[in-house]
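In what comes next, chain A is part of two complexes: it sits with chain B in the first one and with chain C in the second one.
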Partner chain A sequence: MIGNLAIVLFDGLAFGMLLFVLSVGLSVTLGLMNFVNLAHGAFAMLGGYATVVATRELGLPFLWSLPVAFIVAALVSVAFERTLFRRLYRAGELNQVLFTIGLVFVAAASAAYVFGTAQQPIELPEFLRGVTEFAGFRFGSYRIFLIVVALVITGLLVLGLEYTRFGAQVRAAVDNQRAAQGLGIDVDSVFAMTFALGSGLAGLGGALAIEMVGLDPSFGFHYLVYMMIVVSVGGLGSIAGSFVAASLLGVADVAGKYFVPELGAFMIYLVMVVILFMRPQGLIGKR
Partner chain B sequence: MFARIAAVLALGVGLMWSAQANAQDTIKIGLIMAYSGPFADTANQMQAGIDLYMQQHGDEVAGKKIEIIKKDTGGPKADEAKRLAQELIVRDGVDILAGFTLTPEALGAAAVADQAKKFMVVMNAATSIITEKSPYIVRTSMTIPQLNTAFGKWAYEKGGVKQAYTLVADYAPGVDASTAFAKGFTDAGGTIVGADKSPMGPPDFSAFVQRIKDASPEAVFVFIPGGAQPPALGKALAERGLTPPNTQIFAQGELTFPEAIKSMGDTAKGIITTFNYTMERDDPINNAFVKAYRDANKGRSPDIYSVGGYDGMHLIYEALKKTGGSTDAAALVKASEGMSWESPRGKMVIDPETRDVIQTVYIRKVEEVDGQLQNVVIDEIPDVKDPLHGAK
Partner chain C sequence: MADALLQLENVRAGYGEAVVLDGVSLTVPQGGSLAVLGRNGVGKTTLLLTIMGFVDLMQGSVSFRGQDISRLAPHRRARAGLGWVPQERDIFASLTVEENLTATARAGRWNLDGVYSLFPRLRERRSNMGNQLSGGEQQMLAIARTLMTNPSILILDEPLEGLAPIIVEELIAKIGAMASEEGMALVLVEQHAEVALGLTEQAIVIERGVVAHAARSADLLNDQATLDRYVGLNLVEN
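Let's turn to the complex of A and B:
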């Protein structure tokens, strides 16, 4: 029984880490820049397809295709940010929502046109397949890999935003744009970089998600709800919050399905409702 | 004043005449399918089957030109399908309704087809009840109980297991599948030791496979829709060590679609599935079909959806030949009843009583052939009917 609990916790944590990598970028753009970017899932999908092309057409190993996914999603998102999104920074939330959800539809149609509607399988290197036995338990190797990647990303983000010059500029630009500009910070390019970072993380998440949940043109819609849940439960703009929320939701989801399968997928929503009821600003939200 | 009325009348007469002329030499087929949304791939495969048939047999039947009008439902939406069916009949003046990727679409359109007395060909949607909703409906795909009741019986009698655990996707076809398999399996003498339904959200099956492992059954029966779920479930089962030969895995064929096998790799070996069509089955008609299909679709292989569309067009063409091009629904249904032909799937017959397909149910096992994992037919159950029709 204890053994089962350990396995359930582990699997839940791994699923949570996937949610975390997918949504942390959204937390950054939504929380730091106040921009409601529903197209976040579309950038995740883009990263996924970048990995598929890199491994299948260019023959890159899976691990090397992950940075490719990050870079492609980041570059494309900057192009969009410079030409389209920036016009909407001062627009109302409804305009932002309508514009970005429209973009998801365009992305889904484009993906279907270019890659077809079929699922895109990828082949993993040998060491990420199968299971690793530890203390008599069988842990999925890929799930261990996911958890490690998520921890590294969290560490880098926290360090980067809290302790580097760029991080300080981002925080300054968010807190008081005019004062930051007055101090000589190029707010425009800081926002562009932040946006690229957030979308790049989405792309990385999309690439990591293929093995767990697959990839097809509707990816941008499927995971949007989960991304929003993680961000709102964690609190806007809080990386630690997203991390805690994603872990909690992942574990709640898997444990819920294991112990009360009749509740099925409902558990994740129940947890969300309860948490937001008690803490409307999210677990570690500032506002 | 008179000049205006005369002009209007002339225009009206002209329009009527042209509409009539049109009706005489073309037959319009309205396809209602989920071309976009999560089931877009299924619809695309069906469409590719339809296109291939028309490419091979031309677009002229009984001296009339066949015209296709496509309508997209975007998913399992009954209301949308109903609206589209009305639009097709009233505005576009179609003679035949066809396609139907999903059960809700078919059910939504059935009432319209019934009232308008239009011939309706269901090329995929697989719930038994559909053909009972109108006397003008004929189906060319299969029904879930047809496959899985026979499969359940087979699993006990020839699959060598006495007890099984069922895990199905939590939607109507999944529930149908688990009921059908359980019926076939327990009627033969087996026991179902546990049954779970997994939600349709993100395919993380770890909790459910752990529950199965706790019950340590001899076999697991699963039913999940194609797409992202099969490889995820296959891998989750393997992670828990639930693999043949220690634990038999039975499933409807979606679990071992070519993309899913590719993604699962060696862990797919030994999984036993059932379907009414198997791409790898060695048969001259099938081999020619697979080759033509791949040539027309950039190497993509056909699946049951493609065959449903292909045979659906065959049925329409042959029925029209028999009626001499008349699109009267009753005449077309009469022409279809009892029709039998050699399809890429093997011999199929339209049951004159239920207007559903009587066909061979294939049992396949994933094996390595020339270094490639594929579905190898290990047994055939001939002439299987849907067990639910008339079994109230």
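Let's turn to the complex of A and C:
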């Protein structure tokens, strides 16, 4: 029983870390820039397919395909931001939702056309396969890797946003766009870079997700739901909030499926409803 | 005007349909100083926002160091040396005092040590968040934050508004000290005409969208008749 509990906690945490990497960019664009970007799910899927192409067609090792997924998603997202999204910044939330959800449909159809509707397999390096024994428990090696990657990303994000000049400029631009511009901050570029960073992380999340949850053209929709839950439970614009929420939801999801199979995938929604009932602004949200 | 630092020619500007300024011209020479006077609502803030590029310029031109900057984005104007301090202060609430100072700083004469010795109170408050300051401290921070960008012209929008008399005294002395620093020009919008005129060399009065009167500050200070005509100018400090 104790052993099962440890494994469930561990697997749940790993799934939560995956959700965190997938969602944190959405929290930033929603919370900091007030832009409802449902296409975030499509950028995650793009990262997944970028990794599939990089490993299978270009023969890149899996680890090297991860930065490729980040960069592809970041670049494509910034192209969209520059040409399309920025026209919607003042267009109201409904327009943003309609436009960006439309993009997810387009992305799903494109993925089905190019790659077919089947699940994409991925080739992992030896050291990420199998299990690692520790204190008598057998932990999935890939899940350990996932947790380490997510912790490193969290550390870098917090450091970058709280302790660098660029981070201070992002916060300044969010606090007061006009004053920021009047003091010399190129707010458009700062937002574009922030946006690219968030989408890049989604792409990385999409790549990391393949081994754990698979990749097919419905990925953008399917995980968009999880992303929205993480962001709303964690609170808009809060990196720490996303982290806590993703961990909690990941554990709840895995534990629910394991201990209360009748409830199955419903557990995660139950947790969301309870938390939002008690804290409508999210765990660490500002508003 | 070879030595003009900032020059506006025949500026028409406003908000959408509403024209606030219609035909404003002014010149600030290198290292010079200009008081901008006028009743509440005549468009003094709009004038400064036009200089910074936040308000649509419908006609005329804004030049800085002899270059037409009418189409330049606000952040480029700031980087070129226009040092604007907004009327609302606009302190960044989620930055500490020190981050407010350093986030937009550019190299030059003014650095952290410099602004901290100008406003010692900011040094005491350096780790406070921007939204934990009194009105006077916010104004000091707003001015110091702009000084840290090392502008060639400091543009102040009613820096004394709503502050306690003792803080007003302190700020007047500090602005006077900054203005006499070699090199940095000053544009000062102020309701307290006496104070503004005492701190500047030249003055203009805005009325009905135009420059209704232009004079040397020292002369206008003694020209009670003109000051009276533009009611709302309180010569006697209250």
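FYI, the second predicted complex is superposed on the first by the 287 of 287 C-alpha atoms of A that agree within 3 Å, B and C clash if a C-alpha of one lies under 4 Å from a C-alpha of the other, contacts with A are read in each partner's own complex, and residues count from 1 in each chain.
The criterion applied here is as follows: a residue touches a chain if its C-beta (ideal position, glycine included) is under 8 Å from a C-beta of that chain, and two chains touch if they have at least 3 such contacts.
All figures in this text were calculated on a predicted structure; none of them were measured in a lab.
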item	value
Partner chain in contact with A:261 - chain B first, chain C second, else both or neither	first
Which superposed partner A:15 touches (first chain B, second chain C, both, neither)	first
Chain B versus chain C as contact partner of A:81, first or second or both or neither	neither
Chain B versus chain C as contact partner of A:165, first or second or both or neither	second
Chain B versus chain C as contact partner of A:140, first or second or both or neither	first
More chain A residues in contact [chain B versus chain C]	B
Partner chain in contact with A:214 - chain B first, chain C second, else both or neither	first
Partner chain in contact with A:181 - chain B first, chain C second, else both or neither	second
Residues of chain C touching chain A in the complex	52, 54, 73-75, 78-79, 84, 86, 90, 92-95, 99-100, 102-104, 106, 130, 145-146, 149
Touch list for chain A against partner chain B, complex	4, 7-8, 11-12, 15, 108-109, 112, 116-123, 129-131, 138, 140, 211-218, 222-223, 226, 253-258, 261, 264-266
Chain B - residues contacting chain A, complex	36-38, 40-41, 44, 170, 196-204, 206-208, 210-211, 214, 226-229, 231-232, 235, 238-241, 259-260, 262-263, 265, 300
Complex contact set, residues of chain A against chain C	165, 168-169, 171-172, 174-176, 178-187
